[in-house]
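The structures considered in this document are given below.
Two complexes are shown next, each including subunit A; its partner changes from subunit B in the first to subunit C in the second.
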Partner chain A sequence: MAKTQEIVVVGCGRLGSLLASYLSNEGHNVVIVDAREAAFDQLSAEFSGFTVVGDATEMAILEQSRINRADCLLAVTDQDNINLMVAQVARTMFEVSTVIARVYDPTREAIYKEFGIDTISPTQLSADALLNILHQSPLVMP
Partner chain B sequence: MGRYQAFLRQRYRAVGGYTGLVCLIAGIGILSPLLALIFYSEEWVLAGGFLVPGLLLSAFGWAAWRWLTPKTGRSLTLQEGSVIVVLSWLLVILVGTVPFIWISGLTFTQAVFESTSGWTTTGLSVVDVTQAPRLILLFRSITELYGGAGLAIITLSAIAGPSGSGLSSAEGRSEQLAPHVRRSAKLVLSIYSGYVAIGILALRIAGMDWFDAVNHAFAALSTGGFSTRPDSIGYWDSVPVEVVTWVLMLLGSFNFVLSYLILRGKWSSLWRDGQVRLQIVLIGGSAIVLWLGITGAIYGSVGKAFRVAVFEPISALTTTGFSTVGYGDWSGLGWLILILLMLVGGGAGSTAGGIKQMRIYILYRSLLWEIQRMLMPDRLVSEPRIWQTNNRRFISDEQVRQTALFVFLYLATYGVISLIMAGHGYSLDESLFETASAMSTVGLSVGVTAPDAPTTLLWTEIVAMFLGRLEFLTVLVGLIRLVRDIRPAISHD
Partner chain C sequence: MRVIVIGQDKLAYFLGKHFVAKGYALTLITARREEALALSHKLQATVLHGDGSEPAVLEDAGAYRADVLLALTGQDEDNLVACQIAQKRFGVPRTIALVNDPANQAVFKQLGVSVVFSATEILGQLIEQQTDYKDIKALVPVADGDVHLAEVTLQADSPAVGQSLKDLNLQAAIIACIVRQGTVMIPKGNSQLQAGDRLIVISQAGAYEAAYQVIMGDIS
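Let's look at the complex of A and B:
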């Protein structure tokens, strides 16, 4: 990601606020959306983008978040269904080139793949990491 | 050295570094009048008056920036931003006095006054413009040009500055044009420079010579109001010059976000915006009252009466401070209208000063809402909303509280400073007028501000201009933070 990108982050939780602050610090144009205004208190001082209060599953809120010119959308709310819906809308309606969603439930990842949405599953990642440690540990080695 | 002390020192290295960066940019600003030597080479003997302070400030700034700025932790909080803004503005104003003392032979107080008036885009003056060399006149306009854009904004857009919006918010520019502070600052500067270029051309076509056109374009768009003539815009007594100046002053007092949307063709945001509506009502209403009440009777021709009735309200509300006539023969009605307009001031996030139209509009809408709520059933749930550029905003109780407190602070300070003025023996109307003019960084004068005014009076106005430009709270927060941190940061135990 060399040049300045337009990025929409949906969900300002621990992950969303961290991502938005990093990306803003790197010089990208960041808009972050959350339904609760108080959520934006988690953003660090590096963040200098726009904040939009509202339900990201509404088209009007997404349009207000400058999704029309976004290069990238990150759906990172704590609800798999919301992430899926927002990501799908961004992909098909607004044709955002890069859409990444967080999914807790690994079984859903297949559906996302069909829609052309990249996914990160914390559950899957944790499982892989744990298994990795277990396999390297001499105690459990067969 | 305790942990807290180490932390404070590390933070103040960053503060020092970015203060240096602002000084570097401002130093280049002080050097820039020298470009005019290409056209007026006979004034080269005056060059030292700009070279020495400009180079010293730049060198100091560059050194502080290079050595102090930390490699990590480059973001600034609003409080740290406030300290930087206050420190750098004070330094820049101080260094800005050198050309006035060196070249024009002003006393220190007069020079500080002129410098503060310039950087804060006020336009009150103690320099005799008929005697002043061209370089000094241009320098005054350039300080207004810089001060209008805001030193922090120029710094943020020019070189890689701190990340985060602490610095620009501290200078009263929390509203952004783009979702990144640097991109936003760059956009503001492009719009501003575009306006200036068009303004210079338009004034030249309207009948000024190039030198006057440059100076007046700088002064009008920064809503500063320094003129190269004692009679200000009245010297030309020409319709085209006045009309062009109307437009430039209004553009200067427009919120930059609004300018940006209009330039991108979103005209609907113009008519919906609360500040624009308020501005239309205020200027239209004042012009009609002034015309019927004052100018119609004083100035013979209908044309002249109309022009004066439109020009002066625009100049007062945009906090520019150009004038086409003197106000000595106006009645109390005219003075009061101008005082009220000056207190209201321009748009939030513009180059103008004053309480700002946005705050007045928020309070007005909240008042309407309060009355409506009393007439409605108890259980009614409603939220007052306003159009701010193309966004619909809901007014929160917190916002109303902050706005009301700011207006209270503004008016209380206004009362105290008027009191000090009246204490110097000036009449009530003169004191109220001149105080409003200084605090809202307007620059209209009824004759109180003069080179031979008492020293204490000039210093009072200096404080008023400084507080007015940086919107009080930044100055308070910055100074208090600094004073509180100094002792723990340098103590040896």
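Let's look at the complex of A and C:
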């Protein structure tokens, strides 16, 4: 991601605020959306992007976050269904080229992967990482 | 017919009752445990407590055999995901979603939900129809709302009175039927309109205001 990108981050929790702060530091133009204004307190002091207060499943809010110009959208609220909906709207209605949704529920993640939505499941990633460590240490495995 | 309803409160209850009365095999999925328990006592239906957008819950609800699924929760995103999983994972042929944000209607259609309706829009239209046009009764939107069917009663001062149909420039609308003193007439091009005639007007959704203007004059 060498050149400056237009990036929309939906959800300003721990992950969203971290991502937005990093990407803004790397010189990208970031817009971050969250339903609660207080959530933006978690952004780093160097964050130089825009913030939009509102529910991202509302079309008007997505339009306000300049999604029509975005190269990339990251849907990382704490609600799987919001992330899945916003990701599909971004891809289908606004033709955003890179769209990724965070999905906690691995079964739901598997279904949406099948129909072509890029997803990341923290549950699955943690399980894989933990199992990996266990398999490497003979003490805990019989 | 096997129907799955995801929802809560009175809407789920009365709709459920309606489906049961029609003899449908109903499974109701509701989020709150106490409500599920209460509904299971009141309805001749299978009631599940859980998240209707969760694949395991849908499977328990018999989604593989369902003919139709209705997602009626207050959260648009939950309704969308429930319909998509029902359709794509379990092959439910017909999915119906409630949207709260009317702008999401087009989105849901594009994303594969069979029928999408917006309570906000329906109520908005009802109120508009009641208040704006006293002499116009909108009967039903048909063809997915693309066509309007309305009944219009001509007043003595309506511009169309005394004119023949072929002289009225209705553009994307036709007068399908004239009811004159209780008698139904199928209109011809030279039929002359009289005050008190009730006209059944069929128009394209976007064209009805212009057509009514020609028939009734200034209606605002």
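Following the convention adopted for this analysis, the second predicted complex is superposed on the first by the 137 of 142 C-alpha atoms of A that agree within 3 Å, B and C clash if a C-alpha of one lies under 4 Å from a C-alpha of the other, contacts with A are read in each partner's own complex, and residues count from 1 in each chain.
Simple rule for what comes next: a residue touches a chain if its C-beta (ideal position, glycine included) is under 8 Å from a C-beta of that chain, and two chains touch if they have at least 3 such contacts.
Bear in mind the structure is a predicted one, so any value in this text is a computation, not a measurement.
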| item | value |
| --- | --- |
| When subunit B and subunit C are modelled together on subunit A, clash or fit | fit |
| Partner chain(s) touched by A:31 [first = subunit B, second = subunit C, both, neither] | first |
| Angle, in degrees and to the nearest 10, that opens at subunit A between the C-alpha centres of subunit B and subunit C | 100 |
| First, second, both or neither for A:12, with subunit B first and subunit C second | neither |
| Which superposed partner A:88 touches (first subunit B, second subunit C, both, neither) | second |
| Partner chain(s) touched by A:45 [first = subunit B, second = subunit C, both, neither] | first |
| Which of subunit B and subunit C A:76 touches, first, second, both or neither | neither |
| Partner chain in contact with A:107 - subunit B first, subunit C second, else both or neither | second |
| Smallest separation in angstrom, by C-alpha atoms, between subunit B and subunit C in the superposition | 19 |
| Intersection of subunit A interface sets (partners subunit B, subunit C) | none |
| For the subunit B and subunit A complex, residues of the former touching the latter | 74-77, 163-166, 176, 178-184, 391 |
| Residue ranges of subunit C in contact with subunit A within the complex | 53-56, 75-78, 80-81, 85, 88-89, 101, 103-104, 107, 110-111 |
| Residue ranges of subunit A touching subunit B (in the complex, touch as defined) | 4, 6, 24-25, 27-31, 44-50, 64, 66 |
| In the complex, subunit A residues that touch subunit C | 57-60, 79-82, 84-86, 88-89, 92-93, 105, 107-108, 111, 114-115 |
